[in-house]
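Next up: the structures, one after another.
In the two complexes that follow, subunit A is the common piece, with subunit B as its partner first and subunit C second.
Moving on to the complex of A and B:
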């Protein structure tokens, strides 16, 4: 058993009050420790992945930790990056994820380790009873010298602080742990003392004693604080004369020699990366079922508001669903599915055939509908089931105290989806129920007419409503880049009759795209990796940068100014007007 | 109210901080402490023969020494009486005790910061070890205060000028190579000070996050 595999206490539970970040260190590794508002204890490597600044000076925002330097946000539980203020319109790459260490709260202490094994600490005498956590004391000394001195820990039973005669017994001891019992008359108290190795020359002594609630705690805590301080003074005066240990050379892992030459694994098709269980299924509104998807093993990855997942159904269909979760919620993903009357099998299958306990494969979350957090005010406009991504956005804006309004167009009260969540958002939610086409257009005009600089609007709903919102916003004078859309599907008929050539600048390949085939199909056929999701020009996953040539845009993902710029192409449906496109892939 | 002021001085910051917390209007007179050494210039020595910042001038009344200024400002301008409760002998005694402690922090942690940041000479090792000795005492004091539901340095339900006097040298200690990793109770108290309404910052000290529904910390 290596020292890295041992569970050590690195903090007391009381060290993690509301919205605080605790600074810990174990075996030379610094840790930023913070309790999220849901009670979860996060233990992370103490550096921002951006510029290496300590996260222990960051800000605990309850569901995210914000780096003090450039404001990068990292999510509760996963430590994945959720927002980069310098790039407010982009979604951070999924690979930006901090190192996390496991955490167990037990006996009033927070336990962790570098790579701890087993179920965590187990001390029978403290189980199922009240514990009193002693004040931790940091000692400038190697751990072995501290443990040696702690074996002479002569304390008094908690109810016998003034007793003249006390008997001591070391019940159990190891290289880092001691259990000591003190007895006087018929009273005894047992103490657990642990030496937390901070680094080779510093140790923190942590202690827990069994406790009866009838006693006054302050005198007992002072008694122990005084004794541990005495031990510290003795150990430090001895340790001061020993030579400082030599630095252990860093064990740098070199990248494999083959790494640069190994071929890229072609990713042909859409992969599911996670298996989940339907933990809960319920009807959240007329015709809409909600599903809580829980991981079978491990944790679900970080998502950002606006993100969607691919659900791979047992019948072979793949469908995209937006996550509705609030910030930092990664215990489960919650999606809402409307049973479409003209369904091609996806929503019928999900709603009719799947029940609680069923297993599903899902992709990692992708975010092609990112939410800026620097808007003066954010307007969210949802139509019907289009509420799902906007609900996640509203929950973040609500939590971060940013000004926003969520306008929700639904057929009737009965059709209001996730009403229980919406009701918690209070007056920021405005319902528009049972409106006809022309009334909807009027309302959209009213909502959008308050346009000011640095406001942003996000719209998701059925295609006619998106079209109406787009036209109205344009008329009122909203700039293109302030209006964000998410389509469920691409209503355009795809014209795939053209023939053209694509030159792949990075892969050094030139390929022909004949009529009837898409760019994605040709790339996959030639083993060039490309991620896709909806494969109909709605979600934006297969976006590629265009270096030369004029694309023939047929998607509904890119906005007008992006289409006019010829710099990007949605490769699952769009083609070329020019004979040749040079793509940055 | 005129304040003879240098932006990066921890002692000037104490005074600016209390003036912001109480809501006192003041006029800034910048003294170029570094690199100009203007605090040792003829004109400034006439006002303060010790050649030290800060110094205030209130209607012709001149006062030097940051802690003396805190006492004066809180007594004269704080109508609530919470920053320096003149009717409470015990708390006044405690405040005086901790103002002395804050002086020791100045001459240890404060000197180490000036050494590393502004190249002002001192015995850096003894400054740092002296600062750690003081911070151990303050951390243990604050830990027991928390256990008794008292969130501040003195036995008072509100922060006092003792908190303001100790805060800058502590919060800027890392600029003098003095880590606070071993003082978790001090780190929590720093969060609480930074959450007092109308708190202001200086380079090196950031505001804390909001404390909506702030629970009783630490106990």
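Moving on to the complex of A and C:
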């Protein structure tokens, strides 16, 4: 067994008060330790991936950790980067993820390791008991010298601090751990002492004793602090005479990819990378079912507000659903599914045939609808089930105290989806119930008429509503780049009659795209990896940079100014007006 | 000459500012450290500087000094209000800052600050705009105005200077006289591996720029003294007020710089995650690599 595989205490539970970040170190590795508002203890490599600033001086925002230097945010649990303020319009690359160490909170201590094995510390005599955590004492000495002295640890039972005769028994000891029992008359106390190797020349002694609530703790803590300090004095005077060993170097990982100028990681098609269980299914509104999806093992990957996943159903269908979760909420994904009357089977199947306990395959989250956090005010406009991505955005804006309004158009009170979450958002949510087409248009006009510089609007809902919002925003004078849409589907009829050639700049291939075939199909046929999701020109996953040529845009993802620029193409539906396109792939 | 620790000609043959003239008494002897060598220096009554390296290490270990010799004279010059010296043979003249000569400018050493970091980390921080809203909150930047817009960086033709232009950043209080925020334009020059000059639109005269220069004196690979020169168009404030402002700004950077791990600047493109906003830092790292600078950096291959 290597020392890297051992679980060590690296902090006391009390070292992690509300919204604090604690600096720990084990075997030369610095760790930033913080408790999220949901109670989860995060233990991360202590450096921001951007410019190496210690995250232990960062800000615990409850659901994300914020670096002091450039405000990069990392999510609770996954340590994935969720936001880079210097580029508010981009979602950070998935590869920007900090190194995470496992954490177990037990016996009042926080345990971790470099690559610890097994189920964590297990000390029978402390199980189901109250524990008293002793004050940690730092000793400038190699750990083996500390352990030698610790073996002679002699203390008094907690209720017998003045006892004349005490008997001691070492119950168990190993290279880093000692369990010792002190007995006087009929009273006994058992103590667990552990030497935490901070680096090759520094050790922290941590201890826990079994505890009865009736006793006063201060004299007991003082008793042990004095004893451990005596050990420290003895060890340090001996250690001072030995030469300082080479300190263990800091153990740093290297991020694998630069953001975001580097090409997308090639990945083929529609992968289902994660297996999840339906942990909970409930009806959240008339005709809408909600699902909590929990990972079968491990943790779910980082997401940002606006992200969606592909759900691969057992019947072979693949559908996209937006995540509704709040920031840093990664213990499960929550999606909402409306049973569509004109569905081709996806929503029917999900709502009717799947129940709690069923397993599903899902893709990692993709975010083609990123939320800027630098707007002076954000307006969210949802129609019907289009609430789902906007709910995630609203929860983040609410948590970060950023000014926003969520306008939610629904048929009736009964159709209000995720009402229990919406009610927590208070007066920022404005319901517009039971409006007809013309009333909806009027309301949209009222909402959008307050346009000012540095405001951003995000709209998700049925196609006619999106179109109305687009036209209204244009009329009022909103700049294109301040209006963000997410379509469920592409309402346009696709014209795939053209024939053209594509030249692939990176792979030095020239391919013909005949009528009736899409660019994506031709790429796949020639083994060129391309990532896709909806495959109908709505989600934006298959976006490719265009180096030359004029695309024939047929998607609803790109905005007008982007389409006019001819610099990007949604390759699952769009084609070419020119004879040839040069693509950056 | 060779020094105890630094055998890097790209660093050894450079000029370094070691002290602000205004802060020295004439004919008084001062000590400082440059590239781990102990220096003794003074200015005479006519303002002429002299700098000597002091042999403070056991005989036989210092190759640059003849046996038995205790001190050696180093090149010395005065420029921009500082004494400059070199432990090698400086091939080039010191870079020029033409604005310094303009008669209506206030020239002063705003601060000399010791920082426990490497010289290139200090320069990279000086070139960085993205940290303004977070480190210099409500002074040089303010949330939520965090976007770093596209700017241009080039290495000038003779390869001896980096210039970043069209840098625009939102500043909440653009000048002492203005009550609201505005975009401020910056231009950065890096004419020396450990010196950088910043030009910033002047609140007094919009056709001209204030100049703030950072001259980093590497004490060791992970320790510096940073000298900050101001050459500005300010007729209202006392030197002490202007100095205090810059010291406050620097005081905000210092704890960040001292908490960067590792302290040496990694030159490998994958050691840290760079983003578009880091264009000037990426160019600076490549430029140092190309020049073969080894001191205060982690080479791409190591």
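Note that in this section the second predicted complex is superposed on the first by the 561 of 585 C-alpha atoms of A that agree within 3 Å, B and C clash if a C-alpha of one lies under 4 Å from a C-alpha of the other, contacts with A are read in each partner's own complex, and residues count from 1 in each chain.
Keep in mind that, in the parts below, contacts are C-beta pairs under 8 Å (C-beta built on N, C-alpha and C of every residue); 3 or more make two chains touch, one makes a residue touch a chain.
Note that the coordinates shown come from a computational prediction; the quantities given were computed from them, not determined experimentally.
K.L.:
Would you sort A:221 into first (subunit B), second (subunit C), both or neither based on which partner it touches?
P.N.:
So A:221 only meets subunit B here.
K.L.:
Report for A:68: first if it touches subunit B alone, second if subunit C alone, otherwise both or neither.
P.N.:
Touch status of A:68: both partners.
K.L.:
Between subunit B and subunit C, whom does A:376 touch in the aligned arrangement: first, second, both, or neither?
P.N.:
A:376 contacts subunit C only, not subunit B.
K.L.:
For A:115, is the partner it touches subunit B (first), subunit C (second), both, or none of the two (neither)?
P.N.:
In the superposition, A:115 contacts neither subunit B nor subunit C.
K.L.:
Examine A:87 and indicate which partner it touches, taking first as subunit B and second as subunit C; both and neither are also allowed.
P.N.:
The second partner, subunit C, only.
K.L.:
Touching A:135, do we find subunit B (first), subunit C (second), both, or neither?
P.N.:
It touches subunit B, and subunit C stays clear.
K.L.:
Thinking of the overlay built on chain A, is A:57 touched by subunit B (first), by subunit C (second), by both, or by neither?
P.N.:
Both: A:57 reaches subunit B and subunit C.
K.L.:
A:442 contacts which: subunit B (first), subunit C (second), both, neither?
P.N.:
Neither subunit B nor subunit C is touched by A:442.
K.L.:
Regarding the shared-chain residue A:584, is it in contact with subunit B (first), subunit C (second), both, or neither?
P.N.:
A:584 contacts neither subunit B nor subunit C.
K.L.:
Where on subunit A do the contacts from subunit B and from subunit C line up?
P.N.:
Residues 30, 57, 68, which sit in both footprints.
K.L.:
For a test of understanding, state which residues of subunit A touch subunit B in their complex under the given definition.
P.N.:
Listed in rising order, the residues are 11, 14-15, 17-20, 22-25, 30, 57, 59-61, 66, 68, 135-136, 138, 204, 217-218, 221-222, 225, 229, 401.
K.L.:
Flag every residue of subunit B that touches subunit A in the complex, lowest number first.
P.N.:
Listed in rising order, the residues are 140, 143-144, 146-148, 180-182, 184, 187-188, 191, 206, 208-215, 217-219.
K.L.:
Under the stated contact criterion, what part of subunit C meets subunit A in this complex?
P.N.:
Where subunit C meets subunit A, its residues are 124, 130-131, 133-135, 143-148, 255-256, 259-262, 266, 268-277.
K.L.:
Hey, which residues of subunit A end up touching subunit C in the complex?
P.N.:
Residues 30, 46-47, 49-54, 57, 68-71, 84-89, 96, 250, 252, 254-261, 373-376, 402.
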